[in-house]
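Common to both upcoming complexes is chain A, partnered first by chain B, then by chain C.
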Partner chain A sequence: MTFEIGLIGRIASTLGEGLTLTLELSASAIVLSAIWAVPVVLVLMSWRRAVAVAGRAYVEIVRNTPILVQMYFIFFGLSMAGYRLSGFTAGLIALTLQNGAYIAEIYRAGIQSISPRQTEAGLAIGMTPGAVFRIVVFPQALRRVLPPLANQGVVIIKDTSLVAVLSVAELTFQARLLADRTAAVYEIFLTLALLYLVLTTAFSALMRLVEWRLRIVQ
Partner chain B sequence: MKAGTVRKTAVALAAAVLTFAALSGRAAAQASRLDEIVKRDKVIVATFGTAPPFCFTDEKGQLVGFDIDIAKLIAKYLLGDEKKIEFVTVTSEGRWPAVNSGRADFGIATTTIYPDRALRVAFTRPYIDSGISVLVRKDANVDSVAALNNAKFTLANLSNPQMIDRQKRFLPNVKVLTFDTPSAMFLAVKSGQATAMQMDSPVIDWYAANNSELKTLPENLGNIQGNAIFMKPGDFTLWLWLDTVVGELTAGSRYNDYTDVYKKWFGKNPPPPRFYSATK
Partner chain C sequence: MLGLLAANLPLLMRGVGVTLMLTALAGIMATLCGLALAFVQLFGGRVVRIIAEICLYVVRGVPLLVLLFAMYYALPYAGIVMDPMTGGALVIGLYFAAFMAEVFRGAMLAVPQGQWEAGRSIGLRTPGILRHIVLPQAIRVASPPYINTVIMLVKGTSLVSVIGLSDVTFVGVQIVERTLAPFEIFGAVAVIYFLINFALSRCGIWLERKTGFVH
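Showing the complex of A and B:
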């Protein structure tokens, strides 16, 4: 087995282009998923049964089918129906739809983990339901959902690599092309793995910093 | 200890070391993957699962195609039974580590010989000619490569550098989409994400024959090429055996077997075994 360390220097600029696109895609997907999960969790926790059932159906369908298949449906399937989306857009939609469902469940768990007695107590002393949520439930739930949210963010960063199958020239795409050109698979895929490790570790560290800043000093 | 004894011991030690080195050297030279295959009684072959008509998966989930049949013939010649074979399906760039890591004995995956590839893997002589054809949607109203070379059209490439080099040379103005399997390229053309795709001529002809809304452009992109079996470099015994078998298939004692397989997948006879008339 040959291992040519100098090769990594020669491919750095191409990998750099891919890295930029991976960063754009990861950041957009994380932000959009976290936002999209808000209406989803509202629907899931609705008092109206029909609405809640519809929300549940959405979550189960997107959560229980592979994201790769969803990407193919959005990219190729919609194109057959006449809506031609770019690979980037199709990939971003698939990432948002799926991770939005996961994050909605994280939000729900966070909200439901706050004892209903606190809500009852708030209402009993004359707070409006809105104020109870804003002042009592939300600040506590936010702190509880941060660790699983950080987890989901890491999953999103890694899942952006799947968008390579839709001809999006992100990091994995560039690495595969380079590997095919040079047949230097060990050098290239090792570099690729390290780059993802750096990205995910940096993101985790950032989220832990946010957790630390929001901590409640006892 | 006397000086003589020391010297004798040293000589004996040196002789032992030398003998060991010589023996292990011989062992290394002799150990061919070919012996391992025979001992294992099964050939392990890397191939694609999505490149009709060379190597693809049929409705029953079975790997079929021209390359698959050639691989089965090789298993039959080597182990006496075409069923003594295991296929490992790989992606375009996954072909090289599949053989170089030892996961597969060799690969047969509609693989074109290029000098830069030959640096990292060893090729046999070609077992089939190949050119690059272009498959287009009929609704694009394109009849030539020149007409396709327009910014309003999109070309689907396979994720290998030869595709990109060819596109830059023959179709510099088109937009490009790049996929990791021929079936994804085909899906792009079929769904309208791409106007056309470039691929080995037999693959393109097969798609055109099976899809009435698609057609093949009359011109080829570039030179005639050779598709070959590839393996980890350095194992001369295995390479020689494989290369000999390819020679026997395409132009020698096994030409009948080759003709049967060729006719089965391409509906016509292969090129004759000799450029001159062999029988008078």
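Showing the complex of A and C:
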């Protein structure tokens, strides 16, 4: 078994098709998870005990079960119930439900890391609770939330590979097809791993740029 | 629904056995390699440190599924034939070793530098400082994220179902193909994983209390 650099060029077009789908899925999953986490964190931090407990139950269930099982549950379960979903949609729902729970915890930690004294101070000078959150808490929490959010984004990008088992023709699925058809396994999997590495590195770099732009200059 | 679950429970339990076995093998490997990597990063020479850094970077940026597929497809071409259990445990163990290394390294760095200096000033050498001063404190810091990583590892073992190892996820898929009852069966599989992880997080709380200091 030898390694041929030339083969990478020939498998590139097939992998390129998969790459488009992986990018699409990653971007939508990251955005949707970050949005879905907002109502989740509101529920988690609710004053009403029953509501908070329900939110906690959702987060614990989702975080303690594999995303693969969740994907199967949604994909086969909903199609059995008469709602035919594409593998892409089912995967996107599972990715959003799972990572939304993780991101909600990140948001919660970020908000709670801002000292309650600041909220009290804001209320004491006559600001409305909404204004306190908008002007005092949110700008500080946002900056603390960004680094763990970047990590979760990397997790999402890596987890998009799992939709390959639902026959979505993304990067990993295409690589597996190529590996079945050709014998150039070294070239294929090396390229595949490199592509993911580039994706995750680029995303981390992008998030660090955002962090840098939002830094507080003193 | 209960009849369906009762009829398939023995099969699922056999899958649970495989999942637990895989978790134990991969977990032990991840812990040992993670410790080794953390020590290399903290105390190793420059060259080994850079090599360890590169390995960690690669593993953290590539999906576990890709590594499993690479093992499954590429190793036979290199003349290495492994049964799925060994191969799966090896890949999962090494993959999570990277995350464990971060946990252990972070915990060691969380112990203030002053403790090292204090140890030195009373005449202890590095091994003595580690054993009597730094490690007991580091273990306490490390135990919550350590258990989190083990839970990630348990969830990660579900991926071996894709390379044909009959763990509980694989068994679930097979039962669904036969019974066409995805909600019940995948629900049961999810409950099984939840119970395993719940037990683990209880262990974590116990471990934290056990390694904690009484104030």
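As a convention for this text, the second predicted complex is superposed on the first by the 218 of 218 C-alpha atoms of A that agree within 3 Å, B and C clash if a C-alpha of one lies under 4 Å from a C-alpha of the other, contacts with A are read in each partner's own complex, and residues count from 1 in each chain.
Here, contacts are C-beta pairs under 8 Å (C-beta built on N, C-alpha and C of every residue); 3 or more make two chains touch, one makes a residue touch a chain.
These numbers were taken from a predicted model, which means no experiment stands behind them.
Peer 1: Clash or fit: how do chain B and chain C relate after the overlay on chain A?
Peer 2: clash
Peer 1: Touch test for A:181: chain B only (first), chain C only (second), both, or neither?
Peer 2: A:181: touches chain B, not chain C.
Peer 1: Once the shared chain is lined up, is A:96 touching chain B (first), chain C (second), both, or neither of them?
Peer 2: A:96: touches no partner chain.
Peer 1: Answer with first, second, both or neither: which of chain B and chain C does A:152 touch in the superposed model?
Peer 2: In the superposed model, A:152 contacts neither chain B nor chain C.
Peer 1: Which partner chains sit in contact with A:161 here, chain B, chain C, both or neither? Use first/second/both/neither.
Peer 2: second
Peer 1: Going by the contact rule set out at the top, does A:200 touch chain B (first), chain C (second), both, or neither?
Peer 2: It touches chain C, and chain B stays clear.
Peer 1: Would you sort A:87 into first (chain B), second (chain C), both or neither based on which partner it touches?
Peer 2: first
Peer 1: With both structures fitted on chain A, tell me whether chain B or chain C touches more of chain A's residues.
Peer 2: C
Peer 1: Does chain B (first) or chain C (second) touch A:173, or do both, or does neither?
Peer 2: It touches chain B, and chain C stays clear.
Peer 1: After lining up the shared chain so the two structures overlap, which partner does A:76 touch, if you call chain B first and chain C second: first, second, both or neither?
Peer 2: A:76 sits against chain B and chain C alike.
Peer 1: Considering 6-14, 24-32 or 96-104, which region of chain B has C-alpha atoms that clash with chain C after the structures are aligned on chain A?
Peer 2: Clashes with chain C appear only in stretch 96-104.
Peer 1: Looking at chain A, which of its residues have contacts with both chain B and chain C?
Peer 2: 1, 72, 76-77, 80, 164-165, 176, 179, 183, 185-186
Peer 1: Across the complex, what residues on chain A touch chain C?
Peer 2: 1, 61, 63-70, 72-73, 76-77, 80-81, 154, 158-162, 164-165, 172, 175-176, 179, 183, 185-186, 188-189, 192-193, 196-197, 200-201
Peer 1: Of all residues in chain B, which touch chain A in the complex?
Peer 2: 91-93, 96-97, 100, 116-117, 119-121, 159-161, 164, 177-180, 184, 187-188, 190-193
Peer 1: Could you list, by residue number, the parts of chain C that touch chain A in their complex?
Peer 2: Counting only chain C, the residues touching chain A are 58, 60-67, 69-70, 73-74, 77-78, 151, 154-156, 158-159, 161-162, 169, 172-173, 176, 180-183, 186-187, 189-190, 193-194, 197-198, 201.
Peer 1: Residues of chain A touching chain B in their complex?
Peer 2: Those in contact with chain B are residues 1, 72, 75-77, 79-80, 82, 84, 87, 164-165, 167, 169, 173, 176-177, 179-186.
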